[in-house]
Amino acid sequence: MSHNTFGHLFRVTTWGESHGPALGCVVDGCPPGLSFTLGELQAYLDKRKPGQSRFVTQRREEDLVRVLSGVMPGEDGETLTTTGTPISMMIENTDQRSKDYGEIARRYRPGHADYAYDVKYGIRDYRGGGRSSARETAARVAAGAIARKVVPGLTVRAALVQIGKHRIDRARWDWAEVDNNPFFCPDPASVPVWEDYLDGIRKAGSSVGAVVEVVAEGVPAGLGAPIYAKLDQDIAGLLMSINAVKGVEIGDGFGAAELTGEENADEMRMGNDGQPLFLSNHAGGILGGISTGQPVIARFAIKPTSSILTERRSIDADGHNVDVRTKGRHDPCVGIRAVPIGEAMVACAIADHYLRDRGQTGRLGKA
Amino acid sequence: MSHNTFGHLFRVTTWGESHGPALGCVVDGCPPGLSFTLGELQAYLDKRKPGQSRFVTQRREEDLVRVLSGVMPGEDGETLTTTGTPISMMIENTDQRSKDYGEIARRYRPGHADYAYDVKYGIRDYRGGGRSSARETAARVAAGAIARKVVPGLTVRAALVQIGKHRIDRARWDWAEVDNNPFFCPDPASVPVWEDYLDGIRKAGSSVGAVVEVVAEGVPAGLGAPIYAKLDQDIAGLLMSINAVKGVEIGDGFGAAELTGEENADEMRMGNDGQPLFLSNHAGGILGGISTGQPVIARFAIKPTSSILTERRSIDADGHNVDVRTKGRHDPCVGIRAVPIGEAMVACAIADHYLRDRGQTGRLGKA
Amino acid sequence: MSHNTFGHLFRVTTWGESHGPALGCVVDGCPPGLSFTLGELQAYLDKRKPGQSRFVTQRREEDLVRVLSGVMPGEDGETLTTTGTPISMMIENTDQRSKDYGEIARRYRPGHADYAYDVKYGIRDYRGGGRSSARETAARVAAGAIARKVVPGLTVRAALVQIGKHRIDRARWDWAEVDNNPFFCPDPASVPVWEDYLDGIRKAGSSVGAVVEVVAEGVPAGLGAPIYAKLDQDIAGLLMSINAVKGVEIGDGFGAAELTGEENADEMRMGNDGQPLFLSNHAGGILGGISTGQPVIARFAIKPTSSILTERRSIDADGHNVDVRTKGRHDPCVGIRAVPIGEAMVACAIADHYLRDRGQTGRLGKA
Amino acid sequence: MSHNTFGHLFRVTTWGESHGPALGCVVDGCPPGLSFTLGELQAYLDKRKPGQSRFVTQRREEDLVRVLSGVMPGEDGETLTTTGTPISMMIENTDQRSKDYGEIARRYRPGHADYAYDVKYGIRDYRGGGRSSARETAARVAAGAIARKVVPGLTVRAALVQIGKHRIDRARWDWAEVDNNPFFCPDPASVPVWEDYLDGIRKAGSSVGAVVEVVAEGVPAGLGAPIYAKLDQDIAGLLMSINAVKGVEIGDGFGAAELTGEENADEMRMGNDGQPLFLSNHAGGILGGISTGQPVIARFAIKPTSSILTERRSIDADGHNVDVRTKGRHDPCVGIRAVPIGEAMVACAIADHYLRDRGQTGRLGKA
C-alpha cells in the first residue's frame, strides 16, 4: 500500500477532491477476459450516491462513472471486457458549493482532520473536506464492482446492524429486506425505530454513529497467509481506511475475548457431500489468517459525522480560540452510506488474495 | 506489505518456524546513527518470553537475540550503532519437543489453521504450529525495540485490560503496576481476581480470551495520510496480524457508534503554552488518518488459545471424523504475552509513518 | 513497482490506450507546496508530441494536459500548488484512426508484442498498439515535469547522440543547439547528415534505431543505496521500460569493460572552495549505487520502429503464415521522441530517491 | 523493491556485511512443494566463491549455506521441500582480516562508494567494503538456486564474453567449455589469451573490466507486461544492481541502434510442429516487455575492480588531499565471479514474473 493505493496484485489507486473537477481510480492487475456492463457498475455506485433519502447528505451528484481504459467494447455495445491493462474510471463532480466552506478555510472543525492536515502539509484544500471527503469512496465502490468479477462464485453483501444504541435483532435478519429501506437494515422491525430516532438527530443538526456488518460468501478456502498477509489483516486495514471508522472485528471480534477455548473452537465434521463441514463460525471464516471456506464475516464501527450544527470549541490557524458550527449538507449518520463501501473494500481484499494465492500456489486455475 | 514483510520505509521481514533451528527478522530502512545495546533489546524480548509464570506456556526458551548485521560496535563493547544497512537479528530455538506433535500431523485442530494450511499449501510443518507458532512474535518484539529508537521522544506502553469477562477498573489505572504482576495488569485490584480465575482455567486445561490496550505518547502531529496510508489503518492491520487477534479499536472504537456528534467531537483550545490543547481524546489521537499529537490509543481482542485439553470434534487429512485434544505446553491466556507484541507493532507502525512523513514533507528534521 | 506503477515515494501510475478516449497518470506522494503552471507542464508535453516534423509520426494530437486533482489554484489564475494528495493528469486522444488497424487485429506484426500479448492475455486491443503505443509516454512526460520540481536545483536534459551508424562528434556538443533542430541533436554539424539519412529511411518506408544521452545536474551526493535501491539500478530499469529500448549505460557503460582500474578510477582532490572535486566522471555520477554529486549520465539505445512498410514474414492468430506490412502513421526513428521521455524517467528516478533519502536519513531538509 | 529487497511475488531480501559474523537472505513467496538438496544449493555457491584460481580474490571462504526455515526435511535426510513460508539462508564469514582496512577508515578509495556513503549515512562500515562488498552476492546466488526451481523447464546459463578489449569469437561458442576454465569462457581459444593478459594485470596490481552474457532457455511466452513490469526492465534493473555493473543490454542491445526496421524484425513462421517459430532473435526473447518463448538473452558490463595497488589521488574524511593505494585481497577481474551472479539475477527475475503472470492470468497452472 502506498499513500493512495491499496492491494498487491489487484491494485487500486484513487484520486480526487470533493470540489475538484472529478475523482476516480485506476484498477491495475485485473485479470483479462472479465466482462461487465456500465449498468452493473452504476448500480453499485447508485447505492452509495448522496441524496437518496432524508437520512443522508442532500448534495446532488449523479455519480456517473466513465471507463476510460483497460477494456474492449463488445459487439453488443454494452459489454466491456477487461484486457489486463489498467482500468481508469472517472466520476465528475457537478454539485460543488465551495462558498459554503470559506468560513472553515482557517478554522479547525472538531472531529475533522483540519488541524492535522495543516500541521502535516502546511496547505489544505478546505472545500468540502478536500481529499478527506467521503466522495472519495465512490472510487472505492467502482473498484469493488470490478473486484467482484475476479473471484468466481463470490458474493459480498453488507448491512447496517446498529445506529447509535439501537441494534438489530439478529434473529430477524433477512437479506431481502436490506434494499427495502433507506438504512440497508436487514431487520424490518428496526426500520421504524431507526427512522424516528434519526429524524430526531437530523432535526437537531446532530449526528450519530453506526455499525456495519459485511458477509462474503463463496470465498475459497486457502486465501491469505500465516503472518503479514493474513486475509483478516488486510480486511481490517481496508475497513479502517474508510472515513470515520474506529473499530473492526472479524467473526466474534471483541466478543471472543470473553469466550473459553471450548466455546470458541469451530468444530468440524465430514459432511454428507464428502466436504468438510464447520459446526459454527466464531472465527468469521478465517483461521490463522487463512480463509476456511466458511463465510467471511467482518464488522466495523463508524463514528458520528463530525460536521454538526451545534457550536463546538476549537482554534483557528492563527492560534485563536473560536467556536465552530459546520454548515453545509451533511449525513446525520454517515454509517448508512458506508454499507456499499464496506462491501467494496472486502471484495477488493478477497480479489487481491485470490490472485496472490494463484500466483504462489497455482492451485486456483483460470476462472 | 508482502507475505512476511510489513512497513514501507521502516520494513520488517520475519522468518522461522517453531521447531526449526532458529527464527529471526531483517529490519530494513532504519535510519543510520541510532544507538542501542543488546541489553535493551533483550529486555523487551524477556517480557515476551515463555515460562515466566504459571499463566503462560512452560516451554523454556532463553530467546537470546543476536544482531548479525547493520550495526557498528562501539568502543565501549556494548553500544551498537545503526549504519543504515539491514539489521538481521536471530533467535535460536532450543526447547523444541517435536514428538509432542506427531499426533496432529494429519489431524486438524479446531480453532487452528491446520485445515486451511493443507488446502492452501498441500504441505504443512505441523511441529509446534510451524510458521503459525507464536514464537514468530519474538522477531516482532526485536524489531519493535529498534523502531522505538526511530522517533525522538516516543513512548509506547501496553497493558492487559480484560481477561474473559473480567475487565479492569480504569479509574485505578496505574502504569507503575504493569510490571508488578504476571498479567501486565495496570489495576492492582484486578490481579488477585485474575489469578484465581486463570488458575481455574489452567487447571481445567481450558483457555480464555483477553483485551490489550496500547498507548503511544510523544507521537508528533501529522503522521499518516488521508486515504490508504492512514495511521490507524496501518495500526489496525498490524495488530490484526498478531496471532489470535479478532478485533481492533482506535480511541472509543465500537463505543463511538453509540455517540452523537456533540459527544464525540474532541474540542480544542489554545493552551497556556501557546500550543493547541485537545479537551478530550475520543479519537484516540488520530483524525482523518493523521495523528493529532494526542496519545495514540489502540485496543485489540485476542481469542482464547485454541490448544486445549478438552476433546473437540474435527476431521483428519484423510477425510475421517476424529476427536482432537491438543497436548503440548500452551498458554492458558495467550493474550498475556500479546502485551509486548502489541507495543512492538504500534511502535513499528509509528516509526514507518515518521519516516514516510519525513520523506514526503521534509518537515521532520534529522533526529 | 507494479504493472503500471513505478517509484516508491514519488509514485507514478499511468493508464490508457492509443485509441481509447484518453490516457493519463496519477502522481502520488508528491511533496506539498510545490508550484507550477499548466504552461510549464504543456511545454514538456509539446516537446514529445507527434507531428512536429517530417521525421516523426504524422498523427495529430494536441496533447493538452488537464490537472484533475492534488493542487490548489493560486490567486493569479495560473499557478497550481501541490497539496500532497494524488495529482491526476489526463490527456484526451483526438486523432485516432482505428480503421487503419483492422488488418492487424489477428496478424502479428514482427518486432511488435502482438503475439506475446495474445499468448499472455488471450485478448488484445490492437488499435494503434493499444497499451503498448508510444502515446503512453505522454503521461511519463507529464509526471516528469512534476518530478523536476521535487529536487531543488535539479536540471535534467537529454540529447540524441546517434541515429543508425551516425554518431555525433562529442567535441562539438552544445546544449544550446538541442532545441534548434528536429532531432534534439547537440552537434549542429550532424544535423544535415541526419536529415539526409533519415529522409532516405522515411521515403523507403523503413526505420532506424538511435541512442539518447541523459544528463542530470544538481543531483545531491548521497542519493541511492548500496544494494537493491541503487540509483543506477532504478534509472536502468526505468529507461529500459521505455518502448523499444534495448540497452542502458551509466557513465562509461560498456566502455568500462575495456578500462583498467587506473584508467577507470575517478580521482578526487579538495577544490578551492573547500568542496571535494572529482577529476573525471567515468562513473557517470554514481558509485556503489549512490550519487557522488557529479552529473549523472545515462545513455539508452532504441531499436528501429517495428512498424515498416516493407513486407515481413509472420503468422496470424489462426496459425497461418502471412506477410505483414504495417500501414499507419509511424515514426521513422522513434528514438527522436524518446529524448524528452528519457529526461522524464531520469527526473522521476532522482525525485523518488531524493524523498527516500530524506525519509531514511533526514539530512535533506524541507525544500 | 525496497532498499535490500527485490521481486514482487518471488521476493528476496539480503543482509550482511563483509566483516560481520554472517550474511544471508530471506526468500519469500516461494511456491510450496518444490524440492532441492543442500548439495544443489552449494554447487551454485561454489561457482561464485573466492579463492578458486589465481585470477580471483585469495580470501578463503567456504561459503557453506545453511537453510534455517521454510522447508520440511525429507525422509532421505537430504531432500528439502519448500512449505511456502519464508526461506532463510545464512552463510558465515570466516576469513575476515579487518586490520587490513584500518587505513581506509577515513580515506576515500577512488572508484568506491566510500565518499558517497559518508555523505549519505554519516557512518560507514569500512571493513572489507562493508555492505558494498561483493560477499553480498553469495546471498543472491543462493536465492537464484531456489528461483530456478520455480519455473518448470527453465535453464539459465551465463558466460564471460569479454575481458578488457579481448572478446571471444562467438562462432566458437561451446557451453560445454564454460566449466573447463577459470573464466567461465565459452570459447576455448580465448582462454590462453585471457590467462596471459590477466596474469599481467594481476602482477601489476591492476584490474580490468569484462562483459557477461546470460542466456535463459525454457522461458514461457507471455511473461512480463507492457509498461512498468516489462521483463527486460526488471532484468536490466537487477543486473545493474550487481556491484560494478555499468551497462546492460537485451538481445542486440546497443547494436539495435544501428539496424533498420527490416533488419531488426524477427520474422515468424509456423513450425512443422504447429508451433510458432522465430527466424531470428534480435529481440533477445522479449518484445514489448513480454517474453516471446525464444531464449532470453542479456549482457552486462562490469567495470574494473576499483581496489588496485597503484596510488591514486583522493581526499580523506577531514578534507585533506591524500594518495590511496588499496591493499587487501582483490579480484583482478571482478567480472569473472559475476557470471554465476548474473545467472542468479536473471533466474530470480523470471521466477518472479512467472508467479506474477500466474496470479494475473491464471494460465500457468500448478507446476
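Letters A, B, C and D mark the chains as written, and numbering starts fresh at 1 in each.
Everything below uses one rule, namely that a residue touches a chain if its C-beta (ideal position, glycine included) is under 8 Å from a C-beta of that chain, and two chains touch if they have at least 3 such contacts.
Chain identities (UniProt): A, B, C, D = Chorismate synthase.
This one's a predicted model, so the numbers in the text were calculated from it and none came from an experiment.
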{"item": "Furthest chain, CA centroid comparison against subunit B (Chorismate synthase)", "value": "C"}
{"item": "Interchain centroid distance [CA atoms averaged], subunit C (Chorismate synthase)/subunit D (Chorismate synthase), Å", "value": "26"}
{"item": "Intercentroid distance (Cα basis), subunit D (Chorismate synthase) paired with subunit A (Chorismate synthase), Å", "value": "45"}
{"item": "Separation of subunit B (Chorismate synthase) from subunit D (Chorismate synthase), taking each centre as the mean of its C-alpha atoms, in whole Å", "value": "38"}
{"item": "Contacts with two or more other chains, residues of subunit C (Chorismate synthase) listed in rising order", "value": "2-5, 8, 14, 29, 32, 84-85, 120-122, 131, 225-227, 360-361, 363"}
{"item": "Topology of the chain contact graph, where touching chains are joined (line, ring, star, complete, other)", "value": "complete"}
{"item": "Sites on subunit D (Chorismate synthase) touched by subunit A (Chorismate synthase) in the complex", "value": "8-9, 29-32, 84-85, 225-227, 355-356, 358-367"}
{"item": "Residue ranges of subunit A (Chorismate synthase) touching subunit B (Chorismate synthase) (in the complex, touch as defined)", "value": "1-6, 8, 14, 108, 110-113, 115-117, 119-122, 131-132, 136, 162-165, 201, 206-211, 221-230, 232-234, 236-241, 243, 246-270, 274, 276, 279, 282-284, 287-293, 301-308, 310, 312-315, 319-321, 335, 357, 360-361, 363"}
{"item": "Contact footprint of subunit D (Chorismate synthase) on subunit B (Chorismate synthase) as seen in their complex", "value": "2-5, 11, 13-17, 20-24, 26, 28-29, 32-33, 66, 68-70, 72, 81, 83-88, 90, 120-125, 130-131"}
